[in-house]
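Each of the two complexes below includes subunit A, the first together with subunit B, the second together with subunit C.
Right, the complex of A and B next:
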């Protein structure tokens, strides 16, 4: 019988296999790089309604995180300050700055400043700020060096893998309780070695849950 | 064996060999030629699409739409649209999963184990039975995948590294099930496809001869350049044998692992060591039931009596009888062990099955699975094709109810009387299950219309013409 396919079709299966392996490899690399929180979340820095500089306030002026985020060591949420907090200083400093118009408006009307939320864990995750910061987990571990940021950007992936990294090896991340709000401080392990880190975890009875229901209640 | 003693006394070489006259059953009747077989099998594809095919296809598509609708509603609303609730959190979905997976087993048994055992009667039915296996696995897969609820996370079933650092629990039989069923599906497709290659080449050549370039091209694409050379055949036979070897343990392992889903748990009525063999026997029983349900109408419509002979039907009936009796024995043994083991929870579970709220389901199961196959003892029954077909339907019904009885009765009456309940399916579940028969039928109808339903070369090998000693008695 005569040929339906040209002779070159003989190499088609091999070409197809090589193509599929290549495609599979490219897709694996692509998904791993572009579709994981390391890429999709880190670096997110939306334009805020007020050009508030953490580098100026927390860095140069040395304001404690808790001056504005008052409830962070008392409850699950790290509160965003009301305009009242800003006006504590700004009724005397830069009183007429056009950049603070939105803050003054919020102060007068009582409507909150429409800040854009950056760090957002999913609804099915239970995260408590107080239990972390009161047990030696510094702000910097999740939020990065906010004291150097002109515009706050998402510094860490905050994926479940990121949480578990620390929940599995807390001794590498804990700080002395007095250093928690000092974003430039070293961890205990960096300062005094791994043994000291382990001792702190033991003495402070730090037992981070690794079961599903620890965070997904 | 009575003459063994004489053998020892007598000289090593017998004076005369008198083999018993045991005529082998003729597997292709009316002394059909090779050409007739090719023409017959190909004519089912080459002829004009019959009107009954279009009618059946239309009905099957309509029925299949019920599954599509049920699943769409589930995905858009949530898994709560099924009737599952504490304490019965596994119900129709897992019943249907086990039912369909079980049906597939006959195809693998016929293609793999009967191949290794050189049961030549398998050749007429193995292609269609393998197709049935694949389509049944497709239907089975729908249920656990959509029971996940958020089906777009179903890939979590596989150990793929992810940013959640979620890893599978390899101690769970449910995870073993993922591998068992996906391996089973893959090997079944491979086995089926390798068997199809020579036949696809035949169709390629015939369509080319008839001037149908498109179909010749399409069959040619999948025939992978098969020319029927000696070397092709020798490689083909080796590949087929290896695949038969790989598939053989799968016949036993897949349903063993499916039974572990239950047996490894601690629930009375599930936690029994008899489950693996009992499930495998049940699977083969239900599978042969389905093979007969499918093949007998095909035999009548396409006039395949010369290829699917009474001997084939006899063989299938006898396997159904044997496995059905094993299943009946297992039912009895479960009761015996429940009594003999003297565990009050176990005893209650079985008494409750037979006489509790779900007794109706239990007695349907006993009637269909234990009593039905006993009719196959009688030659008169086996020779009445219509009756065999009706009985095969009863087998299918009975095996569905077996899974229902096992899964639902045990969950509805577990250790804590305070959480006892009674499960009824929701209309969505009923529609989804009903629709899978449509999905299966659509696939099977496409198969019988576009692919050769019997392996032509293997059929030819079991004809009298293929035997060099045909018609001669001396060896």
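Right, the complex of A and C next:
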């Protein structure tokens, strides 16, 4: 009987197994790296209908976040301002700017400016802004340094792991109540040490839920 | 087998160059790892969230405007949630004249003034200045003349008149009723009064015991 397979075919099963392991490794690394909000969402900076600069308004002018995002400390939602809020100043400043045409039109007609939503948690997540900002969790923890952004970009993954990081160790992230809307302020831990952070969490009775129903309903 | 490895390596490099790295800025809508068509009704459920769009209502919004005359039950002072104190909401008494003082149903104390200071700093100080002298940050950007609070006319006007200005706006100033509920507005009125009192203070107002530490003789 002649040889049908060359001699090298003897090592083929082993080589195949090694290759499949390698491929599996590559797939695992790929999925871990790419199939997470750290890749899919962080850096999302859509083009907005009005080139509003947070760096100018919140940074340079020093407007408080709440001037526009009214009631963020009173209810679950941090609201997007109506065009009237823009017109408070822009009825006198840059009144003829073509960039503000959409805002003026919205103010006259009452139809909202079609802002593009950047941070959007799934509908099964019940996030409450007021609960967080009234207990020392600053805007900057989830939204990044918006006061330095010309164009707002998604800064943090806002994944469940991201939420739990803080819910497990709130003492590392809390700020003095007066510093919550100051995006450049240090956390209590950075300012006065880990003990002070823990004390704040205790004194303010901060008990972030880690149970499912804390955030999901 | 060597060719298989080469092809794999090529595919990995191709995927890397197409997908890029984490944290890169991008403007196109984020990829969805668990897309809506594969898992319907999970991430986007058939419910309205804040400031959402609606196909049901003619104006296209899910948030419904209040019917005229309706007052949120949380807006009244404690113990009288409904609108049974008209001057609290209009700043005017039964005869239509502005009330001289903050309505009696509100207690003007330290907490109330601190609340007023906070609201004033957020919503008023950008134009009126932290001292109420009309030198807010917006002046440098072309805001028209903002009156100072520290003249005879504004020292003498009724509290209700200031409340009315915050509620309905005046001249170039647009209404702030959408940002401040009546109780907040009255607290701002009280704080404006405090600012006026502070700016018109004299040496005689400083208690004798404190005069020395201020270097007054």
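Convention: the second predicted complex is superposed on the first by the 213 of 217 C-alpha atoms of A that agree within 3 Å, B and C clash if a C-alpha of one lies under 4 Å from a C-alpha of the other, contacts with A are read in each partner's own complex, and residues count from 1 in each chain.
Here, a residue touches a chain if its C-beta (ideal position, glycine included) is under 8 Å from a C-beta of that chain, and two chains touch if they have at least 3 such contacts.
None of these values were measured; they are calculated from a predicted model.
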item: First (subunit B), second (subunit C), both or neither touched by A:159; value: first
item: Subunit B versus subunit C as contact partner of A:47, first or second or both or neither; value: second
item: First, second, both or neither for A:38, with subunit B first and subunit C second; value: both
item: Between subunit B and subunit C, more extensive residue contact with subunit A; value: C
item: Subunit B versus subunit C as contact partner of A:66, first or second or both or neither; value: second
item: Subunit B versus subunit C as contact partner of A:4, first or second or both or neither; value: first
item: Contacts on subunit A seen with subunit B and repeated with subunit C across the two complexes; value: 36, 38
item: For the subunit C and subunit A complex, residues of the former touching the latter; value: 1, 4-5, 8, 12, 15, 19, 22-27, 29-33, 42-45, 47, 49-51, 59-61, 121-123, 126-127, 137-138, 141-144, 172-175, 178-179
item: Complex interface listing, subunit A residues touching subunit C; value: 12, 15, 19, 22-23, 26, 30, 33-36, 38-47, 61-64, 66-67, 70, 76-77, 79-80, 82, 84-85, 87-89, 91-94, 110-112, 122-124, 153-154
item: Interfacial residue positions of subunit B with respect to subunit A in the complex; value: 162-166, 204-205, 208-209, 216-217, 220, 224-225
item: Residue numbers on subunit A that touch subunit B, as the complex places them; value: 1-2, 4-5, 9-10, 13, 36-38, 157, 159-161, 164
